[in-house]
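Quick notes on the structure that follows.
Naming follows writing order (A, B, C, D, E and F), and every chain is counted from residue 1.
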Amino acid sequence: MTEPLDASVSPRFAQVATFGRLPLQRDLGNAAAVFLGIPWDDATSYRSGAREGPSAIRTASRLVRPYNMFADVYPFRVLDLVDYGDIDPVPGYTEDTFQRIQGGLEPLFRASVVPFVAGGDHSITLPILRAYRAARSEGVSLLHFDAHFDTWESYWGTKRYTHGTWVKRAYEEGLIRKGGVFQVGIRSSLYSREDVTANGAVVDRTFTTEDVDSEGYKPLMDRILRSVADSPVYVSVDIDVLDPAYAPGTGTPESGGLTSREMIHFVRELHRANLVGFDLVEVAPQYDHTGQVTALAASNLLYEGMCALARRRKPKAKG
Amino acid sequence: MTEPLDASVSPRFAQVATFGRLPLQRDLGNAAAVFLGIPWDDATSYRSGAREGPSAIRTASRLVRPYNMFADVYPFRVLDLVDYGDIDPVPGYTEDTFQRIQGGLEPLFRASVVPFVAGGDHSITLPILRAYRAARSEGVSLLHFDAHFDTWESYWGTKRYTHGTWVKRAYEEGLIRKGGVFQVGIRSSLYSREDVTANGAVVDRTFTTEDVDSEGYKPLMDRILRSVADSPVYVSVDIDVLDPAYAPGTGTPESGGLTSREMIHFVRELHRANLVGFDLVEVAPQYDHTGQVTALAASNLLYEGMCALARRRKPKAKG
Amino acid sequence: MTEPLDASVSPRFAQVATFGRLPLQRDLGNAAAVFLGIPWDDATSYRSGAREGPSAIRTASRLVRPYNMFADVYPFRVLDLVDYGDIDPVPGYTEDTFQRIQGGLEPLFRASVVPFVAGGDHSITLPILRAYRAARSEGVSLLHFDAHFDTWESYWGTKRYTHGTWVKRAYEEGLIRKGGVFQVGIRSSLYSREDVTANGAVVDRTFTTEDVDSEGYKPLMDRILRSVADSPVYVSVDIDVLDPAYAPGTGTPESGGLTSREMIHFVRELHRANLVGFDLVEVAPQYDHTGQVTALAASNLLYEGMCALARRRKPKAKG
Amino acid sequence: MTEPLDASVSPRFAQVATFGRLPLQRDLGNAAAVFLGIPWDDATSYRSGAREGPSAIRTASRLVRPYNMFADVYPFRVLDLVDYGDIDPVPGYTEDTFQRIQGGLEPLFRASVVPFVAGGDHSITLPILRAYRAARSEGVSLLHFDAHFDTWESYWGTKRYTHGTWVKRAYEEGLIRKGGVFQVGIRSSLYSREDVTANGAVVDRTFTTEDVDSEGYKPLMDRILRSVADSPVYVSVDIDVLDPAYAPGTGTPESGGLTSREMIHFVRELHRANLVGFDLVEVAPQYDHTGQVTALAASNLLYEGMCALARRRKPKAKG
Amino acid sequence: MTEPLDASVSPRFAQVATFGRLPLQRDLGNAAAVFLGIPWDDATSYRSGAREGPSAIRTASRLVRPYNMFADVYPFRVLDLVDYGDIDPVPGYTEDTFQRIQGGLEPLFRASVVPFVAGGDHSITLPILRAYRAARSEGVSLLHFDAHFDTWESYWGTKRYTHGTWVKRAYEEGLIRKGGVFQVGIRSSLYSREDVTANGAVVDRTFTTEDVDSEGYKPLMDRILRSVADSPVYVSVDIDVLDPAYAPGTGTPESGGLTSREMIHFVRELHRANLVGFDLVEVAPQYDHTGQVTALAASNLLYEGMCALARRRKPKAKG
Amino acid sequence: MTEPLDASVSPRFAQVATFGRLPLQRDLGNAAAVFLGIPWDDATSYRSGAREGPSAIRTASRLVRPYNMFADVYPFRVLDLVDYGDIDPVPGYTEDTFQRIQGGLEPLFRASVVPFVAGGDHSITLPILRAYRAARSEGVSLLHFDAHFDTWESYWGTKRYTHGTWVKRAYEEGLIRKGGVFQVGIRSSLYSREDVTANGAVVDRTFTTEDVDSEGYKPLMDRILRSVADSPVYVSVDIDVLDPAYAPGTGTPESGGLTSREMIHFVRELHRANLVGFDLVEVAPQYDHTGQVTALAASNLLYEGMCALARRRKPKAKG
């Protein structure tokens, strides 16, 4: 049963920072879930910097504590969580990096370990989903929180693997389940009206920020969770789903985003889903000089995801 | 038909930044609207820095894309938008600068071009309204989004042209229409109770942030738009109408402001108005070190204003 | 009757900054309330820096003006407010510092002066409450706005006086009134489920951010104010009750917090309470590089507290 | 005999910051010298922000202590120094501001008080020199440390009073002594070769940074001090004489500047001169986010100037 | 004859920033030299961000003026300089990008135009040298200012084109001249002693910072210039040759570097060389929050390079 | 033989940062030296923040590589270096913390392991020296690089253990050797002339920055090293010995400090000394927003110290 460093003995600012101050180890032991980082940002189209995301999230996560009163659960104990370290990318080489990612994730999925992944840019979700499919021979329902569609065909003419094309690729490669693909928080301006059509061909339902305003964020999450039912659910959170006020440290920020309270609610409700994987991407801390609020939000969303999983696994926390 | 640089060929971080990556030109061609900057900040009463506003807004606007799905419109194409460059101020000399501004805007208004102006401090709205009157021989309805009244009589004893007196001057000079002057977002503390009276003499209706909370921002905007009907409408957005969380980079920030989603809604609804001019002022990027969220919000509000105008001009977008 | 520097003669950025540009004096004169700072941060468990809180709040408060239209009151005149300076701490020595604080506050409470205190870390509230009790021989109702319980038993094994234990100590020492202790904004993760129990033994009602969402912030404040009725009320605002988007400059920020508008509403309603003291703690400006939005929010909350007090004292403002 | 706050009782981060933690007073008492601020920046040609210079310098000067071992002197005691506060400018109106400055300085010069002035932009030196001439009926030798000539004729066509024209004006108005005008640290690029000629007509000798490199900074200062002999000497230090590494927070920084050690040497040698006034201008702290190194350098240079004066007045320090 | 915007009419902070405020054009006209940007940073091994280098350098270069008194030359007039815009990279694809760079530079070298290139990471120098060779059928002498060798064989196992391998590649491809390859400012720690040997096989002479200290920077530059004599000289300046105090905004900073005065001297002496190309790389402004001192140093070094070229072309400036 | 992570496989920005990317372990194995952190800052008199020093230094040290060509040595291999983690302080309790530090260091000194310690504030050196004495029954020669004496008697009246009193305490407790105590870089202003006398009673020779200028930094280090000869030497580097341009991130910065090249030279010469311990203190990264140049300088000085030790141990590096 893994335990974080005891903050009443070792102050939060002491010792090398791991996620939640958990043990750093490659040995899975009994872990039902792990934290891991993928510091890769060469598939970004605008501002780079997400390669420092895992490091910033680990530092911010020193504030996370073992018990969550909202979920009434001790996630680290229930899940025997460890910090699994990072998957090393191959800077400048997307396909090589994708292979390393897929190779790194497959053993986790085979062992039914749920990965909580800190990116890195959003392109990393594609090889993670490939790993799931390779390990478990099935696709996933996808809950995609983002300001952007990420269903574009290509960038720079012919480049098909970027942080803006991964949903399209996942669809083409059969990694995501028909009827189980939902987007929340979408609001960016687009290249053309055809983008809407193309996105609609891939995604079952897209909830824009205007939809969040008009439907209310709680009913909206209910609808999604009812739809995915007990299918295996993969959650991918681009931190730019939050408003830049809440997450300035990201590569392609868009005004008019969600608040942290809205987003925490969404993640907290995941205890009702059959969660098989979770990523939080696009934290670029270089652009956040305000006490690192972006990484703080990110580490809390990852933590709430872990709590949701733990709550489902062990409905009544015992510590 | 103007087009921005194609981001699939030239990445957003490449080339010299113009608004929306549009052509930079003084030749109006067929433009129905232009972006222009007025980098002036010597009429500020507290923190200076808005002289760098146009530059920061142009940089942030590299993220703006040609199609807006909420308005279903291609604003740049519909309006043949160009970046018209800046009007050069005369640092340290308010009246000289006002003459340059008025002189620069008159030809635009004469040509029925709608200017989208990035300030600069709020004093610039006065010479813009003078230009409109000179060119079109009529006053405008004024939609004024701000934390502050800007209806003070003078500063420093006798100085009548500052960023806090322009509404009063516009009223005295007959530049704004009786019955068509509305304020939204007002919340600053005041010098005296007489400020309220004086403001009431100039402004037809002032909606404070408490009004926004109690009435709801959507009904409130409906009321305003019904009131101005088809009169020529000038919109002036002081970025400090947003909460400092959303717009830290400004000279006189006030707590308790609007969110970006509220403000985007207000601007998006402008397609129902007869918009003749739009300014976005008081962005002082020196005070925003968080990935420039202020300039990002500002560039999006300008963009949404352009979309609103385009939508009215061409209800059904064809690209 | 104290008056701030006249901003129409002396610009806000000129002269040495005191709170609200009020006179800096140790002579109370007729003051019904004072502003004072307690620059102490050695009882923090995570990030230090709150020793610069009073200085940052004074600088930000240069924007505060003499009349509040929402309360219809001139707080500085009504209360004859002065800036009382700082209480000098003894860096590195908690108990010595507590003695200086208690010794500094007792004369104020004896003279029925209401202190508006800028911290400093949250441990300072304990000696303030001790001073109140010593001076007035009674405990207070406590309205505690915070992300954290602050009812822990000890830190580092045996250390009982820290910024996370002061509510427990105040309870044990009989400084707070049974039935009158309320918390708002609580949301941090915890060390164990027992923390909830222990907090419940001390606090009469704890409103988490989920409660704020489900009940609405206006009804919630009504409930609290009805409960405390006319008892002497002490208000303690940890700035981390706000979301990090609104208050990045603090030592233990937690995602999912209140907005500035919600918090202003809470404070504005205090005119219905018998306010005897008010503190605003944990502003660590080193972590806020965005034009100091944290200190700005803090100075406005202190100002609104002063307005609430003045409004109660003099229901109809006359200037 | 004025004394700063005792840092062994009141920590340096406590209490409202005045220069050197000295008393803030308008009563000169026996003061032989005063610190004062002139927060004015509307005469800048590039980046504004120096209006916050006095405030930042006061904050940084909290680190200055009463005894200087290099000069073997207690400057505050010897000079009975006080912080005289700021002279209020008239934002946006240069000539009005110049009148306030001249009016504020004349009484000091009449009382033979040596002002140590924190700017503000460099235009303020002109009205200070006018005040000296009006009070003492003589011109001064000028030691001008700067990256720029400041001998331009005008800006924006016809504007003769800016931060780049004051030396020319001082010369024309007979405020500086033939044979006693020296520049050190000059290195900026110029508008034309005629600038060199024009500067040469006003300045007796200009030492560029290449001269500092080839002659050595110690011999160079010797030459200057021998030249000015016992004439009344006014020293004007534009903080941009330092390299941007040492002083990033300034409006028109130029690469290749002096180091802090070189500049401290220059000022320390001033005990050999008959110093009648000293200013340190162009600190714009908004552009310095590194722990405020610019304001720190500025406060030390002002302090060393005070020590130099005190050392001359009382060659053997007694405390 | 190209001229920058007249700063006496259009203030430096107005209008869209181009290098030196020169015309932005792809038409070479009579240009003997151009400024151009290459915003590429996917070949970096540590911190990314140099993609924003050209933009930051253009902004900082607004301060550069038309006449240099140290060189006694008007570089823009003499060289008919223009801002040629950026070469668009292909994010994530090194070889594609190299082709675009080579293709973009060849026409310039064919027209005997001297490019002054702002990077971008250091890998860009390789395709620039390829372009020179393709256009002029000869190699160049290389003056390489850097903290690092950049002669490594590969990264990530097999990747041969990165910002740390370009000198090795240039040597292998015959792009640089035997006997004409010099390094200055080298000081980083290394992977192994073999790195020294391998570097020695490629570079004729390496001057470390210890060499600069012991030989003096002026004699050292003399030696280099005598060695290269009249051969075509290409100068490549990695901004990390400066100490991090002078250039914090870069990807792989190393302590103990050169000062700006030393580096300006080196560049200023280039009027004695037959300069055919010049690049300034690795400016990553995200890591420089101090008023952008890095970009300022970079823009000055580029300017001094232009002046050196102009001085050689036209020994006696006429304006 | 310990090895850092191979940067050609795992990029420097990947994986959890330890010093030099070395193994993190409490098992000393064959280590002749260790890196360890002491994150303590409650004994500071001005700005706090050094509790984040070890974390920032580890992050910056990712750039350090295994071979040093100046020393011709592989320090990690020669010394079998590991990252030993942090010693947990007791926040707010100086004496408790000192006990933890002494207890943590004694086993190292007993095992003849040389600790390279990253502070933390300067008070930590006292318990380290106590540990040395307890373990080895002898005092040390002390090479103290600092802007300040640190020989004050007490702070806040009676507090004898602070970051400004440790040298005095070490002297009184007999922890340092008569004739072997040297200070370099001293320059701060003082409280009184008696400070000089008191310091002289404790320190054998104090070299101020003026001494560095007049004697030259190389001869000066020679003199010191000849004096200490083969005695056990402890080196304590307060990062504020560097000028704030080179080290803005520190608590009590003083203008006019050393350059990084000077300081590197001092440390590099230590191969001539019998080094038994080394600390680098007072890095407060909160005050350094420029790409963390302070932590970078600190990590390089620690690395050079390791190289000096390794060079002495194994004069001829073999890898």
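What we mean here is this: contacts are C-beta pairs under 8 Å (C-beta built on N, C-alpha and C of every residue); 3 or more make two chains touch, one makes a residue touch a chain.
Given the structure is predicted, the values throughout are model-derived calculations rather than measurements.
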Per the touch definition, the chains contacting both subunit D and subunit E are B, F
Among the chains, which is located farthest from subunit C on the basis of C-alpha centroids? E
Could you tell me which pair, A-C or A-E, is linked by more C-beta pairs in contact? A-C
Where subunit A and subunit D are represented by their mean Cα positions, the distance between them in whole Å: 55
Just curious, how far off is subunit D from subunit C if you go by their C-alpha centres, in Å? 41
Going by the contact rule already set, what residues in subunit C reach two or more other chains? 9, 11, 13, 45, 47, 51-52, 91, 155-157, 243, 245, 259, 287, 289-290
Could you run through all the chain pairs that touch each other? A-B, A-C, A-E, A-F, B-C, B-D, B-E, C-D, C-F, D-E, D-F, E-F
Footprint of subunit E on subunit D - complex, ascending: 45-47, 154-157, 188-193, 195-196, 208-210, 213, 243-245, 248-250, 252-257, 259, 287-290
Residues on subunit C engaged by subunit B in the complex (per definition of touch): 7-9, 11-13, 62-70, 72, 74, 243, 245-246, 259-261, 264-265, 289-291, 293, 296-297, 300-301, 303, 317, 319
As the complex stands, subunit A meets subunit F at residues 9-11, 13-18, 24, 37, 39, 51-52, 54-55, 58-59, 83, 85-89, 91, 289
Subunit A-touching residues of subunit E, taken from the complex the two chains share: 41-45, 47-49, 51-52, 90-94, 96, 155-156, 159, 162, 286-287, 289
